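Take a look at the structure below.
Order as written gives the chain letters A, B, C and D; numbering starts at 1 within each chain.
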């Protein structure tokens, strides 16, 4: 039992990170009906930018963090929408999805050539200590990740359902034409979605890099798992992404524990296929009516 | 008398070579993983080569000719590796350096063999040198040489009767795991758990819990440097308190830097390490740090040595003969006295395997401390 | 005259909203039946229920006396029911002739014979006859996407006739078509009815168009059938006048 | 699309094959190898172009199917001692069958779920190739894969093997050219452009969707059957998910739906990075930036760009106006 609890908490912590990244998929999906194949790299890069500001510009950590995050949100929230999404979205979703694949190559190679091919330590906001509970050790970092991620997602959910701006943002994403008629500033709202996506990615980056170490290739794994999480939870719902992330994190952790470790990766994928076959809109997704 | 004739010969050769040096450089192509899964290992290897080339060129090159080094990325893909090795040979490379990963080596070694050009690689998988390829040379001990030493260490020094094996599921880790299991069996050590992890894996919490629950006397960790560091941190968080035993990739400076406290107490067998009690290794480590601003792993040392092997054999045969280079290397013993770049006496077996001294080490207070030096197997 | 299509008590609900509420009517062989009604009265939803694009919540649809409720559009098509859509739906990348061949090819031979047989599935002559009938000869090899809107509407209708169907359902064939083209379209549809004996159901907004084309008219309002009769009868029906002119 | 017996695509394919037959003379083994690798990649891209460009289905498993074909051919020719030609046929048939099995449940739901299912499938195939060492050689791969012997002529050297690849690629391209112009090709196109309308014309959506996916996958199997003897060594890494993404990128960059698009796309994906090597370490960044720039300038890819340019050139001297649509 204690053993199971240990796997569960480790899985929840990892899953919380997947959830943060998965929300990015759902936000971009809602606004542009496309899949951002660079989402994993979005989580990789902020930590690298912060470290670059520390090592190359000699800034103190807090200043580097502010600068790094601001630069990231400007480049990959605002810039991403303006330079990549806007010119291509009119031509259908496929060229855009392909462009994000190319973008992921640029981000990965840029981080490697511009900064380092080596993994780097990343400062942690939380002490690297463990507490004992029911005979198992629980890392404070894991607890912090779960809490911060859930708070951030909760805040986002509150924002989109309870505030005027949030509802306008949601309306713009779901039906831009109607939103436009209702006088909602759709362009700004869509931009806001992309900024929130970048901010959440930066948050995930800061939470995870102390444990994963900052490295140019980290996005590959995070991107894949976040994608699985988004599908499992449902592509069109914020809460779906949260649930999907936690489920995939826990399943992965339990798979490592109780199933052949060399086939560990297969378990979340099989889950994904099963979900698509029995509940294609995802566990918590909204059903999209078959249109004529 | 004999010596002076030799000196005269070298002087003549140098004099003859000198005019050519101005216009003709000797071209060396390094084909290595600079992107994809092998990028970190490959970049270290490349940097080691760049350092060696800079050193050698500063001292007048090989037989008076400067080295021109070209790096080709393989994207850690066998097809691309083959293309790049073919290109290197078509462009007249003197020898092929790299790659580091066994798959890409396997895809490209027949090409160098057919062209009768020496290929000096960073791979450690045991199978590479069992195919009768006369042109393939390693730069480090093969796993089949290193693993018996670890099994003996686990049995005699750690006194473990059961071991958990944690390995990375790529050619490096799988090769090591396949090599250690029979050795453990021979030594009468039980394998409590056999845990496979992914290349580039970031989250080791579940693996660490599994290690803890297996509750063996010791843990044998065979991962690449960064994954080693992540694993050690996760193991510390989960309260794993059994001895962690490993190979070069567990005890390197890189792991200590990344894992911090969690690396303390880690011990094992070290082949090439910038912390080893060999002044040349430490000197290399300082030069590498100064030039690239980070600590080299064993792949950096391997890359440096690969160029030194080319230099030594060329000066030995006193000409730039591609086939002769391989013939000279095969079965040779290179000492640092003859060629400082080799750093440690290295014997090259007929099949391309290496034999050299290695070390038993332990990490204490963030420093790698060498506890014993293990002799060569067939000196 | 035989009854081709029989719609009996068809109802379609979306959540709490009833879009079609117990509609019944029949279509007799050789007639042109019009369905009219204000926007949002459920005409297109009714079409979709008849043709299997949507599954009706209740009610039956019979084709030549056989129950075809809930069959999918492909199966309906193979049983001889064709349709057009409210919005223009031709294949812009194909030429006019290719569009027509495509519209007929699935009714020729088997999957294998279509793969290994003639490239045009033996339909070039039939397609050219149809092109001639709709007077599109000069455009036969033009990309359909390059045609004017009205020309595309003609092609759209022509495609529905390509397989020699038993019944054709036209959803707003006149929508967005200019006046000259409209006359052409009506005249061609009438000719189709007269010469080929084709049976149609037409949904239309354009009253004049319906009244001059159709032999019988069903008037719908708020998901229900308000009146059925000849154009003259319907025009004189007070309930219809109320529904159309009352607001 | 027109139904005349031969057209510009046919002529280009045959002419291209003739040029490529002689191209590597004096080119060196490296150049020859890159040309062969380009054609082999183009075969896989052709298949994906049918699946995606013609029928509009998004498959993320093309490299995995290529892996199945490559491993099948490698195992059959090394361990089972079967000749290359039957191994080639079996590889394609195997991928076709697996495509049907995979596509059937996936397409039952909704076409775009195929992307998700193939994503999972792609990684599962990679796991099996890596873990089942007894069969696939695992991470160590399979080596010494023989090259075919045709009518007693060995293709061990670069040039004969290249010419062999040219012929096989030409035949495969012509089969696809023939298929796209058949009623099946018309139905595939209808699927992509407007599946609802296609269904109302009696097109059996499920059967054609499944066939387009399975035939596209079979082409990946054929490409794998060529890849294994070309490299003479295979391990799981070139068949990873990222490789499937890369093939998708080539389809779109070359010009999705254009029959010559795969050759242009594979040229971009295989030859351009090799050519860009002179730029040193930044070559992949430059490559990716070129792709993004291309897609921003013209989302229809290189051939779309050429077509647009050609139309502009043709229009000007003739002075005719582009077709105008009446507003709806």
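Everything below uses one rule, namely that a contact is a pair of C-beta atoms (placed from the backbone, for glycine too) under 8 Å apart; a residue touches a chain by one contact, two chains touch by 3 or more.
The model shown is predicted, which means the values in this text are computed figures rather than measured ones.
Farthest chain from subunit B (centres taken as the mean of C-alpha atoms): C.
Once CA atoms are averaged chain by chain and compared with the all-protein CA average, the nearest chain turns out to be D. With centres taken as mean Cα positions, subunit C sits 75 Å from subunit B. Rounded to whole angstrom units, the spacing between the C-alpha centres of subunit A and subunit B is 37. Mean C-alpha position of subunit B lies 38 Å from that of subunit D.
Averaged C-alpha coordinates give centres for subunit A and subunit D that are 32 Å from one another. For subunit A, residues that reach two or more other chains under the stated contact definition are 109, 220, 262, 265, 292. Subunit D has residues 130-131, 196, 281, 284 in contact with two or more other chains.
Chain contacts: subunit B has residues 34-35, 37, 169 touching two or more partner chains. If you check the complex, the residues on subunit A that touch subunit D are 35, 37, 83-84, 87-88, 91-92, 94-96, 98-99, 101-103, 105-106, 109-110, 113, 220, 224, 227-228, 231, 262-263, 265-266, 269-270, 272-273, 276-277, 280, 292.
Within the complex, the subunit B residues that touch subunit A are 34-35, 37, 39-40, 43-44, 169, 195-198, 200-203, 205-207, 209-210, 213, 226, 229-230, 233-234, 237-239, 254, 257-258, 260, 294. For subunit D in complex with subunit C, the residues that touch the partner chain are 1-3, 179, 181-184, 186-187, 189-190, 193-194, 196-205, 207, 323-328.
Within the complex, the subunit A residues that touch subunit B are 3, 6-7, 10-11, 13-14, 108-109, 112, 116-121, 128, 130, 137, 139, 141-142, 208, 211-213, 215-218, 220-222, 252-254, 256-257, 260-262, 264-265.
Taken together, the subunit D residues at the contact with subunit A in this complex read 52, 58, 105-106, 108-110, 113, 115-117, 119-121, 123-124, 127, 130-131, 196, 241-242, 245-246, 248-249, 252-253, 256, 281-282, 284-285, 287-289, 291-292, 295-296, 299-300.
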